[in-house]
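Everything below concerns the one structure shown next.
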């Protein structure tokens, strides 16, 4: 309530790679949990906090984000003056500059300068959790911090290139460590930072003046040791997506009741693009167990421990175990799949058998006919 | 009524140049006639024809268009599945490709392939006129043409690089001439073409296969001599914007009653972005003559034969003659301006005198302080 | 379609008293249908898909749910700057104020609103039918035949003609006679209650109808016969396909079952003619280990731990482990607790069936809730009711809230429904 | 502000009979004001700028214009998926149906609607005041003081206190006494008719008010005194700035003139608090050679060939060559034909002042249209009237359409207004 802040979502973490799953889509546009894209969670968190202007920073593959976000209506961010802003790299000259990276920050600076909010919440999109930032904001303001970081100590799950904070007892940050070797039990950043808009403008302008082109606030902040940086703990469930393996594991965790409850049933809605699919039809003879299935599906076969996106057909006598099936996939009769990720609109001919390992799931690329 | 077509607006004509006025904005985003941008006229024509999906093709400077068009609400083109699509060049790789031009057509092809309309209206944005394309569409269908061009014979006004059509008596095109020397009395294209969507897909795919990257349909069509191309005359007022000089002259023509009537009072609304400015205040002592003035202005001085955009202040004892003043300009007291184009948010100090020639107006760049 | 070709008006006025408790808190067009939808989603989506951008919803009974549901019209692509979806209630004028007297009077009272859009034609729809139809095709036929009014008709079995308004036409489809629920019909072409009128012609006819003190101000009973008598050019437009009135408990139940048993008839999966609805913003359905599902529709937010057979579940329904649901319709947020058995029931939104309760298990039995409007052993549970654990409710009951709730009643309490 | 902190309700029910012909076809909040606006734009824009996203407009008198005007709420940034702007008319329930009895009853009848958004507080506004105010600040004060109700107050001159509801407060702003239009006031803090209530508390108070058969169901007269008597924590919130009731012809006229004479008081140019309105989609104004303009507001689509002095013109107004307009308000599409003279007039939308007609030229004179609700020599012309060439209309006239139009009447005919 009475939050005086805008949001900025970095749609791409250049330190991470998700292989073929993100070869044609931004990381933030990666499908997750049946009907969402990763960015939906952070966007919903911002909207549920009462934030009405959000910039989405992307340096490439922004078409995937433009398609998903559209005018922002699904998040109630289609507004007259505030609303949703996709910030693709800037191309001002008459032909595209080959050093397009410069745009990363200039477009952000433009947006910051034309806004009137006092604070900015700068967020990544690779961590999935459901919350509002009311308390985070209040503690930041009450403590008189220059910058606040949100963290948890779920270090074992964190990726190699995580940002780790060391603090004093009161929670003030002493050091910001990028990608340290050991992370167990340490305070690992959730890529959510709060600071004054003017301070962010100063930090970015300074970085540009120093020839930096990539918006990496962790990195920039390390230089500004005079700032009072507060680390605030996040107590809820957070799933970190930093590799194909962690993506697969996070999806399986969504099937667990406490995780489902924390992400989806906390009274805070998670918004996503509405597709107007029909209800799913569970046909005679289907067998479904410990799975999430989205609308528009027709299920004839067996589905176990799996995540099925919208408008998927699973043929009779087919069997899925530990699978993730993106939207519009068609699985014919008599297929057998285990530890498989099927990307959007894949088509499996009758009788196809695909088996991967939980730690190394088989990934079938978008639109493939197998 | 019952038009089965989508629209495609080419926001940039690479054969034309408008100097500083378009150095930081797409041609289609050039302010015109007090409260519009050039693209508003063609967008309104399409919307008034009942077309609900419009792609806007831009190869650079798309931020100016994104800012103006927003979600498309002002044109009632903020829709669930159809609506407005800005098609920036495609950047799929992890760093921006230096041959960004390739995207010109691939994004268009994507949009065409995912649409269901039978026909496509392909339009430029440099010609200003108000109409619907109902008759154009009907004649095209009735005549069984493969392609229709809209033209007028106002050749003296046409720019050097105009496309000229030679036809037989029935109006079927015999030749498409690019930039011929003499154009007087000839049929000069208005950059409005109608053809089947499938045919356009074939033509573009073929052009890409031949290594062409720029969407120039005139040029492409010249190769396909087997097509039945119909030239249809446009009878109304059309203003062609192809240089700073023609832009200036076209603006002055808008002050003429028949032109104003034809563009704005034909019962077809011309939509533009709504700015919610206050009514303009004509203060005591102002003198205004043969001028158009937009909302949000405060007029203390003299304005004659001029076009004033939104939220402009004209100080006491200042005098404007034959001027175009873009939005948010501030003209202090005692200035004297003749044949001047002041770009957005210029600030003139008291007593500034600027005089150009009607054929060579002085252009003061965006945000300049003089 | 151009903006000023046509404006649509949906008649959503009726209380729908034959649906009993289902329409106690909301107008009939707002009644949930088919897992994701409300009845009015069908005419609204048809309008949107037909390219009609201005739709008025005429309603005077319990419009609040409908008002909130339609909201800005965005789910149906009807959030337009000039036009869109409007709820049009009766109102007070400087001279007088009236509730709507009949369907024709409702249009008449809103003539100024319609005139504001200056349309050539007016499309009049009823808000209680389930069907998919392209009104643009009907409009084209209306123009092609230069009609004053065009009425959509469907062939019905000869033995059912007495339930409909029957149109007798000449070889070209022009109406030559009209019989309201005839004992002996001359044709089996029934009016679907879908009219396109040339607006200028209708305006005059509505004024004449208004000036006639004996008129009941109804389209079928008064306006159409009057126009026919005056020699107007009345045409039919033939429709074939799924079309169902859902005005009774039995027809509402069986139309829901049609989605399971005849999925290709209405075909909700057809992407070229989507039926839109307001999204509940819930996650995908979760089917637990040990659950069993057969020929059942689920949608967002459902959590199934028990057994569900041949049923339509709306969003956020919970079926706990050991519960059995058969041949039923469970509206949003309904909960079937562990060990309960539910058969052939329509369970209202947010109603909770207590542990080991049995509904419709014995089709014959005695209950204070037995109701004449329930037939075919179908039982209806009002929204928000908490049914007591181990309660036993036979078929044909309409279980409603009563203030004089005694200890022994099957209803334990009433929960607020959001 | 978070969605469920607050819901706003604008009371737009009154006919506004003191505005005569100006409210014959539309509710008072829909009356045009200030060149680009309608009265309701002010509370709607205040809500939007304060971050309030759910606004109900309670109306039962001539809501059609308001309904079309508010539409999807987009001009005020109120086209929300969950929330937005809603027209809330009276309706029929299964048990009974009522028109709104009073302001409090109007809220009471819509309690279910409000509950659907589960707000902590309810903001109640009236739809006939011109002002700019940040309700978020008032809400913060409401929370900070843990109030049951907070009432916005403004200091009025002591000699005018008898026209207002006057609040007597303690040193901290808590209300200790309340006098409705007191002969002898104990304070000069007047209620602005802007209330924030803690919703749970108000709901109870409304039910008690409803149960009292003697209540007139009005906030000022019944609910606030009842809450005070019950010891509720009622706080004031001090406002200073431009605030004007535009309920009479004279006040409507002079509030329009304030825009010219005291432009910095309301300051419509302030970009940090824009007043939104539905855009007419017209070109920039055109001022011809030979036109003269002094201290005048113009907006989209105006065409000025004549002389306009100290006047407020709405969109698409035409002043022909040789015509003179002074001290007047010309509503959308009004036309002043060549040689006409118009002084101190409010000319309704689409009205045409014929050639060489004179309005208000002689402030005293006899006319069948002289009206008690017109004062200060102000003349009102009903929308759409065609005033005959050379007609002479003195000040203080309310020129309305009459069916018994004689040849000699100054009104020639009535044009339809879109």
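Which chain is which? They are A, B, C and D, in the order written, and residues in each are numbered from 1.
Everything below uses one rule, namely that contacts are C-beta pairs under 8 Å (C-beta built on N, C-alpha and C of every residue); 3 or more make two chains touch, one makes a residue touch a chain.
Just so you know, these numbers come straight off a predicted model, no measurement behind them.
Among the remaining chains, A is positioned farthest from chain D, on the basis of C-alpha centroids.
Annotation: B-D is the more contact-rich of the chain pairs A-D and B-D, by number of C-beta pairs in contact.
The distance from the centre of chain A to the centre of chain D, with each centre set as the mean of the Cα atoms, comes to 47 Å. With centres taken as mean Cα positions, chain D sits 39 Å from chain C.
Multi-chain contact residues of chain D (touching two or more other chains) are listed as 74, 79-82, 276. Shared interface positions of chain A, i.e. residues touching 2 or more other chains, are given as 73, 78, 80, 274, 276. Looking at the complex, you find that chain D touches chain A at residues 1-3, 5, 51, 53, 74, 77, 79-82, 136, 140, 272, 276. Taken together, the chain D residues at the contact with chain B in this complex read 34-36, 74-75, 259-260, 263, 268-269, 274-277, 279, 281-291, 293-301, 312-313. Considering their complex, residues 33-35, 73, 255, 260, 263-264, 269-271, 274, 276-286, 288-296, 298, 303, 307-308 of chain A touch chain C. Across the interface of their complex, chain C is touched by residues 15, 23-24, 59-64, 67-68, 71-74, 79-84, 86-94, 97, 99, 110, 112-113, 115-116, 118, 416, 418 of chain D.
Looking at the complex, you find that chain A touches chain D at residues 1-2, 48-50, 52, 73-74, 76, 78-81, 116, 132.
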